[in-house]
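The structure follows.
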Amino acid sequence: MKKLFVLFVAMFIVLTLAACGGSEVETYEIAMITDAGDIDDESFNQGTWEGIVAYAEENNISHRYYRPAAVSDADYIATIDLAVSAGAKVVVTPGFLFEVAIYQAQQDHPDVMFILIDGVPHAGDWDGNIGDNTVSILFAEHESGFLAGYAAVHDGYTELGYMGGMAVPAVVRFGVGFVAGALYAANEAGVAISFPNDRYTYLGDFDAKDSHKNEALAWFSLGTEIIFAAAGGAGSSVMSAAEDSGNKMIGVDVDQSSISPTVVTSAMKGLGAAVQQVLAQFYADNFPGGELLIKNASEDGVALPMDTSRFATFSQAQYDSIHGRIASGAVSVPENYTELIAFLNAIGQTTAIVEGTIHP
Amino acid sequence: MAFVIEMLNITKEFPGIKANDDVTLQLKQGEIHALLGENGAGKSTLMSVLFGLYQPEQGIIKVRDKEVVIKNPNDANDLGIGMVHQHFKLVHNFTVTENIVLGYEDTKKGFLQLDNARKRIKELSEQYKLRVDPDALIENISVGQQQRVEILKMLYRDSEILIFDEPTAVLTPQEIQELMKIMKRLVSEGKSIILITHKLNEIKAIADRCTILRKGKYIDTVEVKSTSNEVLAEKMVGRKISFGVEKTPAKPKETILKVEEVSITDYITQKIVVKNVCFEVKRGEILTIAGIEGNGQTELIHGITGLKPLTKGKVILKEQDITALSIRQKSLSGISHIPEDRQKHGLVLEYSLENNLILQNYFTTQFQNRGFFKFDNIRDHAEKLIERFDIRSGKGPLSQVRSMSGGNQQKAIVGREIDRNNDLLIAVQPTRGLDVGAIEFIHKQLIQERDQGKAVLLISLELDEVMNLSDRILVMYEGEIVGEFDPQKTTENELGLYMSGSKRGKQQ
Amino acid sequence: MKLKTLGSQIVKKVAERPSTISVSASVLAIIAGLFVGFIVMLIINPGQAFAGLRSILFGPFSDMEGGRSLGNTIYYAVPIILTGLSVAFAFRTGLFNIGATGQLTIGAFVAVYIGVNWAFLGPLHWIVAVLGGMLAGAFWGSIPGILKAYRNVHEVVSSIMLNYIAMYTVTMLIKQTIFNATSARALAPETTARLPQWFLGDVFPRSSINIGIFIAMILVVITHIILNKTTFGYELKSVGFNRDASQYAGMSEKRNIILAMAISGGIAGVAGAVMFLVTGRFMSIENHLMAEGFTGIAISLLGLSSPIGVFLAGLFYGALEIGGFYLQRTTNFVPQIIEIIIAVIIYFSALSLFLQKFVANFLSKRLKKEVQISEGSDVL
Amino acid sequence: MRELIDLIYFLFPLFIATTVPLSIVALGGLFSERSGVVNIALEGIMIMGGFIGIIAMRALIENTELNLQIIAFIGLFTGATFGMLYALAHAFASITMKSNQIISATALNMFAPAMSVFIARTFWNTSNLNLMGNYTISKVPILGDIPIVGQLFFTNAYLSTYIGIIIFIVATAVLYKTRLGLRIRSCGENPHAADSLGVNIYRVRYIGVLISGALAGMGGVIFVLSFATRFSGSVAGFGFLALAVLIFGQWHPKKIIFAALFFATMRVIADTYSVIPGLNMIVMPREIYRMLPYIATLVVLSFASKRSRAPRAVGEPYDPSKR
């Protein structure tokens, strides 16, 4: 035992010395920085990363992701600096948490291009300032939610529920759009649907756990037929509840139909596609620096995966029709409570959901 | 004559100490063989070797002329060796039956067969007159009964060679008589007994032969009948020792401590453990409360010193009612207390010696200023006490108390309490587990305190000590004072009758 | 010749101290942990294992432009030192504070609340905010203390429960008081409430370091003094080591338990305050227990529960953290490798008794002398 | 009345679903602590067991046509086995090496999530291991037709519920009716007594810790099967809650079941208040509902702990020379 130990210490010392020797450090052209979540959060980190991987592998460009040591502006900036020092020519950052960090970084690294998703750079004062080397991409999540709600009601579901992870802007937009879409479809089809105030909630986190499953089960037992879960990993608990009770749910961000047969459809946003598109522009030397790109229905930024959806009656034609109306602006989807009320007034519908529920 | 056990040239070392150094012990079939030695002479170590708890570095063990290796108590058990340990090895929240079968369980399809065991235990206790309730929990039965459980354990395992480690320490003279009868009965049925003890009269009364150890070394094996007490004692201690304690008659003065109608109910068991106890201790006398362990002495002292709340009654110190005071206030109003369990109450084993010597007065201005320690004073204080009370340790004031011997730990407590110079000194079993030298030293200190006009309240289970030190004796039985005696006019036997509850005097 | 004997005497003196042995046991544990981490890297990707090890070992010196990585090492170490100190203080008094997380959360909330709302305090603002965090943490810590002292409730269970209660309470309070609805998190504290950088900003430009390190140092010194130099610490430790003896000596066990937990909680509260009284870091309303409280347990153990040991262990943790961060530049390892290494280090430090014996044997052979082994005692 | 019965039919399985993993893991902790070893590594062992169990199930689903219940059973068994192996590290440190039991357990708690995410990322490029399939048993043949009982226990139930009940019965029987149980209990209370009677303290404690590892590992798999459709390196603090349940249940199997049931009930009610008449009328921030189970537990503990005693020797490495 003792000899083993001495050997072990000696070996370690040798290794340490060996480690002091230099070695070539590889460089990576495309860098992504993860926000609070990790690379496999089944949400915008993952969607963004998949887009980068798809583009980079197709074009044989070096790429990697970096994880900040903590969630703060300073840590984000340090991580961006790290990525740049490792040779990044373009840095992709998903999530509005990066707004302040990018504001700083776009000045610190004028030669590096930044793609900020879900946010607009600002100095902490919410006064947007997109640098020439930065592109901001915003998604019309409300339109995606709208499509999901619309499809669900047209597919015959009359009792709906919404579970968001936390009330961050994107998740709120999904929820508002979902309510609007459901009521719009109800108006169109002339059916009465039930979407009471207590079927709209934010869970408080994005984790799979018993609490979320039990809450979903409670809703199902009260007659809810379908729940739209815009809640990252917590969606897994909603799926589990749907499986146990023989009900349905709607996935979010990416096509989740393969995970569970209870997933009727998914309110997708084209994260990967958008990232690929901007990367392609970058490598084609027409990087849209300083622009704010809004990815909505007209830009094919949001969609339902009709091929894998499990609709009973909702048809491709119906989908194309509503998608076209949103894209053309014939239907203007609300993205906050005030707009929602105005939207509903216009079509003669009301909702029991109060403002405090949507904007806690 | 055939030997059933031979332990030849056993050497057992612990880090830094040779507990047994070339020790030989031979036990004949059907004899009671005493193993004599002071505390720390290596008796328990030797028996633990025989019982398989330790492996010797050198030496061999033969059982019935066959050399054996005893790796664990199971091996010992298979060889028919059983042991009653000095500190009972009982699980407090198990029943008597569970304790007896533990390690030797009878199972059927994996399930314990406790009913069979219970029947067998009942038979054995009938046969050897060892009455206990097989279904009682250990924590609810008396010490004497617990010892019977230990003996039953051996009988249940059909042991032929029985080791008794200091079995009489916790018994009354009557119970000791009873135990000796049991031992004789066992021997007459063909069993062989090793009796570990440091009490010469017990050896004289019952043993056939005696092996003497001193400081881990083998001294001699003698025939008991043909050897005098003095010779045995000299062999045990290594020098001539005087029996009895020299002291002048007491000159009691005014009352220092007055205990009035004190009763205490145990919080957890809800039993009344001290009932209406009244007594006084005067300046210049040693008052001893004798009794078998577990008859309320511990609780009484805890009640007086404040460690346990009184249900009823008053404690008056120097005409001042201190009943409602806190432990700290009681201590400051003039009580020094040598506690019963030195490791549990008396010391913080992880602290250094000097830190333990200020345990009762660290907060006085002698040792601190605005909450900060005066380390020089603490060191001086420690050195003074070490000198005065001859406390020996590896690193002086900085020794960790855990590493010190029991005798020196006790000296540290005695020194600390005496140095506080209070009018009342309460000493609870101050010599338990110590060797002769330390016992002598502590006895001298107690008498010196008395002679200097302190009131001394002594609690002791050892009748020798009670008879030798006391100026007055109270006997406590089941929480009550059942008699008061003058040591000059009573005998150990009489005390024993009161201690066991067979006789009781008038209520005071 | 003389010099040589003097030298060997010093070596001997140092080697004989029990603290030397326990410290070298911790060092051995660290080496073992790094070694296992290296083996894992070697298995996953042999080509990068050396680079990985170098990154981890020299993490604090990875980005020396302005000493940024060194400054950040200290910055990351501060909350961990404080939570480690909190747990260690409780350990020394015989209590297992698994609730540092909850105390930290409550402390952070109160500090940020003051930071957002009490701008009128001017230059005193951040001091009051830190003190507010400390008091809040102390209050939260005293609850399991009171429950243990008066109701015999095991502090481990009550602390676990209180961690969750703190988490939900703070989520609720943030939503009701200092909520930034746009980004669904707490508002930023006013500039006056953020911890200043003082000269540290010039010494370590571009790093996030602030005077939190001085706060940590002051608390390390204070707890060291309390534990080792005062009657109060003497009482607290006595109660921790031997409750019966402390009672015998007239110490108030209940009072000491409550005070020990309150102090422990107060330190955790300060940790919460220094974590969030900075620029660009916001309290989240996500229902997650903050990991710093649990990391503190590990750091307290690695630091042998002594304030100064915890300080060093905390700095080491900060270095590992930064090493893990810069590991991303040189290798492709999944960042969790750092957590694995830390876990292995903690595991080996659990075997410290064995390691101490090993060191003691080694030294005693060298010095031909009995060396005393201390069991997790104070280092200094 | 009809609604009330429906409510009970609805809530009861949820109470059970939460009670089962909590109590199984707490019973695991019971074996470890009654044998004398503190086990705060339950969380880490759950994660490790859950991780390997789910990997095994995924492999079976992909490569075989086995019935889902059989796969679930194999998953539980695998989780138990690896939980046991993982607990071996704790046993080695705390029994053989006589280490501080809290340190080694803390290390295990840190190691498990890091290692599972590390391995999953390295081999599957994601830390989320999805698990297809519905593992509820919609109706047990024959038994499911019994009125009331059939509805409560034998419809929409999990395999783990029955395993949990069996484990409870077996655990209680082992602890109180067998030789091993007697020895385990003696080692936690007075190892010196047990040692003097030839009981091998080290072996018994190893067994105690390994049993706790097996049950916690199984509990990890049950957690994933019961509450999610995937594993992502976390069991949401259930290991720590189980530890709390163990202490709450005063180290006694029956009381542990009640403690777990109490806690689970409070937890389920906090999540499903919207279906409970009366509760759904009260407008309170949801955080207050969420913290109710913890507050209720604290309140109950502060009234029920007065006489609570941990096993006497728990947490102390066995040292034959200290007697």
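Each chain carries a letter (A, B, C and D) given by its place in the written order, and its residues are counted from 1.
Quick note on the criterion: contacts are C-beta pairs under 8 Å (C-beta built on N, C-alpha and C of every residue); 3 or more make two chains touch, one makes a residue touch a chain.
Worth saying up front: this structure is predicted, and the values here are computed from it rather than measured.
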{"item": "Reference subunit B; chain at largest CA-centroid distance", "value": "A"}
{"item": "Length of the line joining the C-alpha centres of subunit A and subunit C, rounded to whole Å", "value": "35"}
{"item": "Whole-Å gap separating subunit A and subunit B, where each centre is the average of the chain's CA atoms", "value": "74"}
{"item": "Interchain centroid distance [CA atoms averaged], subunit C/subunit D, Å", "value": "30"}
{"item": "For subunit D, residues that touch 2 or more chains besides their own", "value": "121, 287, 290, 307"}
{"item": "Residues of subunit C whose C-beta touches two or more other chains", "value": "171, 175, 287"}
{"item": "Touching two or more other chains - residues of subunit B", "value": "none"}
{"item": "Complete list of chain pairs which touch one another", "value": "A-C, A-D, B-C, B-D, C-D"}
{"item": "Contact footprint of subunit C on subunit A as seen in their complex", "value": "2, 5, 8-9, 11-12, 15-16, 18-21, 23, 25, 36, 64, 66-76, 78-79, 81-82, 85-86, 96-97, 100-101, 124, 126, 166-169, 204-207, 359-360"}
{"item": "Complex contacts: residues of subunit C adjacent to subunit B", "value": "229-232, 234, 237-238, 241-242, 244-252, 370, 372, 377"}
{"item": "Contact footprint of subunit A on subunit D as seen in their complex", "value": "10, 14, 17-18, 121, 125-128, 130, 132, 134, 136, 156, 223, 226-230, 232, 234, 236, 267-268, 270-275, 280, 286-287, 290"}
{"item": "Contacting residues of subunit D [partner subunit B, same complex]", "value": "173, 177-179, 182-183, 185-186, 189-190, 192-200, 307, 312, 320-321, 323"}
{"item": "Touching residues (chain side subunit D, partner subunit C) in the complex", "value": "40, 89, 93-94, 97-100, 102-104, 106-111, 113-115, 117-118, 121-122, 237, 240-241, 243-244, 247-248, 285, 287-288, 290-291, 294-295, 297-298, 301-303, 305-308, 310"}
